[in-house]
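Pasting the structures in now, so scroll down.
Paired with subunit B in one complex and with subunit C in the other, subunit A is shared by the two complexes that follow.
Now for the complex of A and B:
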């Protein structure tokens, strides 16, 4: 670290400040280099690859926007896109449901801390394990859920083998850990709600829903923001559960864009890297809409500080 | 406090709450408990259709079977070999970047910071083809190193966000005073800031451990076979082999889930502090 300011040397102020301005970059260099090589540059490369026909080994062949026009007529792409929209909409349920559980648990009775940890539990488990747990839960014949439906309606439903229900079944599995995550965000947020404002509102006769809506929720805004961010990202990133529970089936009806991309680029369906990259670019575009919104808000908060 | 403390309510409400708590918990963890039960059920129970009743006996041999008849131990070991270096690498890198972004005021500071933040949110698929290609070209495809390097780089994004905000909240006077004393910037980092960010290091370590341990996608993309794959990907291929052997699948799942769960219960405070970063203003 020779470039750091040397206190012994009588440096001219200008030289010193130039050194000072170099210092942060030295601290940043290793992290930024790694991040650039593995995250930033690959984004650009993927966009470049999406204009090519490439099997991952041989020569890349420039085909312009042909991959995108193929997507335009690809039914499987629209199935995946539609499923992504369903994921996004239903996944948002995690936010209010997480808030409900947080409100339920926000008490000070004996043993409540253990309850809170156990409710949070599903989030710690790998999605692979969550997927296996729910596959068992839905399994025809001996799954708990299957048996329950059979007991209520007289005939069981094989959720994961039925095109009508499969996506919803997977989303339910995904909601389980996501609700836990939102719950913990809200529990932390509720801890910081100003007690004097609650008391003041209570003296004014506010309670129940009105209190929640007008007094508590505004104070929970930071928690809600993060809950929405992680839920949107989680919904669009959904891959593990689809892969574990159905591999996109039956007949591709539970594919999402992330899984369809993987299938096209890396699985037995062939090594169509260019086409896969084009799907990834579309997914990236959808995510960028949300990401830029989040970043814009965080940027404003940062400037405001 | 909201909602109203249960202690101020009627005795009936209090009793109701005390009953509702465990009932809700059981419902919430029902799928998990079902799997835990299945994992200690002898296979003869499953053959006879005893899926939900009490197991006829406790068959802990399922766990032994899993170790004996599958490479699960190897998969678990691989997971540790991938996860631990990533925790060290990502936390070390982010101490440096977080320090730079929190302590120095320079023009591009916010731009660099938000680059790390935004990179965190991108879908993995947009990175997949180039990262796989790069790893193959480096001769690191299907190696622990190749997978770990990617994870270090990616996790650095999240860790930088966390570290920068943590260091920014430290009293600035400490650093200013040291500068007046003529302490070098590296020494400020090493001897003043680093000891103070220990809680952040603990929080990040548990979080990164959990994230990387639970990763499945990159394991599928960058590794294959029991020699290198972590337990998530391993479980997927074992699930393919153990069709309908749910007692084995369940036991394997529980084993794979155990390390992050233990980590969580041991370091709960740090874990939650890390996850809920920013949930409170």
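Now for the complex of A and C:
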């Protein structure tokens, strides 16, 4: 009787442990396959194409790093890069502004839900519509903003035709929905702020800034993290507004890297797949800096738990 | 009994197969004619063709005009139709080079098209072979508001000095002499083309677009020098507006002249202009020793190399080359037939355009973005726009274009 379980004893746990080590991989397999097909392989392909001269139709021709050395001397590339940096910096304004509006709206007044949804409205409408609305707003002749400037200073400024202001004009249009997005993130975050801590802080005499900085904001850290992440990503992929409002113009001064990539690789006068891919690789590198930072932070937080 | 049954079955099969066989001669036609008038024209054209050839069925897939320019690259390689709309000149060269278009020289040869379509032969020819059949073109030129002339108290001039003197008069009357909307870049290429054709002539212009002349050359600077003379009289903020917005400037009398293609006439008329208020003239003469050349972009039909039914597609090409068909097509489009034996509509602007083109002894250019390779066109048009806004940067612009020229044309060889 005792001899029976003996031969099975060593194999059963081994089988079970093998099953235990295999099962997670099986569950992960569909996701990993999708991730490989739609993310990893295209990244490798892009890098591969960036070493070629290719019009998308004919033969690919290996040219080594010629695309990258051309980028190095390309003024349009630096204009796009500079605009990307301006986008990143100014887009960050959406986070504090969103917080401000969220704090302002986080009160119980009659009809506050209507105000909240009105403030959230710009995020609901499509970026294309936002771009159109702002192009009309800036339009020389009949645009409200143009008329306003003309009324104040005597001569109007066509924001989208002036290389000095065009990028800022587009960023302002982008901030409108982005602030609403950050606001909604903070509004949900504010719901989770513990009222007893506020109460305790109030008893200790904390008010205004000190209350916000030392009591409320630390509790909003998850919301802030998400808000920063979506804003950084939003700034780096700021494509639709540039495309709708200026098509990169006037004479390429409002291009960002993603738009320049599209223009070179896929637009009417482009079809330099290799060069477009090289721009994409650079943009990918820039994004990787931020993405690795975020992943590192998340990994650290999870380990801390 | 069994045999009889089999025969019946066979007969039944034959019956059901016969119409299917008849329908098998299908011509799929991918068209970029998304605007109502051209779209209706192609539908009518297909119906007329099917009436003449009942055994062939034409199926039209209409794409958005702009979207077609990107979609074409996908369907040419993935699922080629039997017929496509496209453009003459360098715009079709990438597809010819990539072997995506069918050589249709036999259609030209058999139908005597080299005579009847002779004006566009060179723009349809690469490697001594023809790659498509043109069905329409339209003139470019200057459209002007006659009321603006009355307001400024001047008469239209045919020479450059007179034109510039008029511009000064317009400025005093508070009217922009020249308007344009350069947001989409291509309208400014029309201005450059005419300045170039009038300053240095057709042959020079073709050399420039073929990459044989350095952009830093003095002859190029001469063109920009002429351009600089009219910049002070050109609508400010043109970089922020589309070409249709600039039409409004003409309609409302805020601007006098617009260098445009004949397709803009519909927009002028929609805005309320009539033949009494809208005028058309040739671009003024700058150098009287140069034979007058004009600009007339040509639209054409092509057969993809992977077409499933190339024989019937060639039949269709021969059909649209016919003078009576071209007359009908262009009556519907409000444009000019390419076939010399076709007749031109009664529209005064078409008549003027026909007169202009048939007397252009210098030659007929396509358009900057069809004469030059796409990459060069893009870079140059951006340079033109920058020059119009910041003329003081001319040196930087020309040096940049020269760098592009050396790279683009070297890569093409």
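Just so we're on the same page, the second predicted complex is superposed on the first by the 266 of 305 C-alpha atoms of A that agree within 3 Å, B and C clash if a C-alpha of one lies under 4 Å from a C-alpha of the other, contacts with A are read in each partner's own complex, and residues count from 1 in each chain.
As a working rule, contacts are C-beta pairs under 8 Å (C-beta built on N, C-alpha and C of every residue); 3 or more make two chains touch, one makes a residue touch a chain.
Source: prediction; values computed, not measured.
Of the two partner chains, neither subunit B nor subunit C is touched by A:68. When the two complexes are overlaid on their common chain A, residue A:107 makes contact with subunit B while staying clear of subunit C.
In the superposition on chain A, A:168 makes contact with neither subunit B nor subunit C.
With both structures placed on the common chain, the touch criterion links A:266 to subunit B and to subunit C.
With both structures placed on the common chain, the touch criterion links A:158 to subunit C but leaves subunit B unconnected.
Which of subunit B and subunit C touches more residues of subunit A: that partner is B.
In the superposition on chain A, contact is made by A:38 with subunit B only, not with subunit C.
Of the two partner chains, subunit C is the only one touched by A:251; subunit B is not. When both complexes are overlaid on chain A, the residue A:56 reaches subunit B and subunit C alike. Once the two complexes are overlaid on chain A, the subunit A residues touched by subunit B in the first and by subunit C in the second are 56, 139, 266. On the subunit A side of its complex with subunit C, the touching residues are 53, 55-58, 70, 75, 138-140, 158-161, 163, 246-247, 249-252, 263, 266-272. Of all residues in subunit A, only 1, 4-7, 20-21, 23-25, 27-28, 30-32, 34-35, 37-43, 45-46, 49, 56, 103-104, 106-109, 115, 117-122, 124-129, 132-134, 136-137, 139, 142, 144, 147, 176, 181, 184-186, 188-193, 195, 198, 207, 211-212, 215-216, 222-223, 226, 229, 233, 236-237, 239-240, 243-244, 257-258, 261-262, 265-266, 273, 276-277, 279-281, 283-284, 287, 290-291, 294-295, 298-299, 302 touch subunit B in the complex they form.
Against subunit A, the residues of subunit C that register as touching in their complex are 66, 69-70, 73, 76-77, 94-95, 97-98, 100, 182-185, 236-241, 369, 374-375, 377-378, 382-383, 385-386, 389, 400, 407, 411.
Within the complex formed with subunit A, the residues of subunit B that make contact are 1-7, 17-18, 20-21, 24-25, 28-32, 34-35, 38, 46, 49, 51-52, 93-94, 96-97, 99-101, 103-104, 106, 109-110, 112, 114-119, 121-134, 149-150, 152-154, 156-157, 160, 182-186, 189, 210, 213-214, 216-217, 220-221, 232-233, 235-236, 239, 246, 249-250, 253, 256-257, 260-261, 263-265, 268, 272, 275-276, 278-281.
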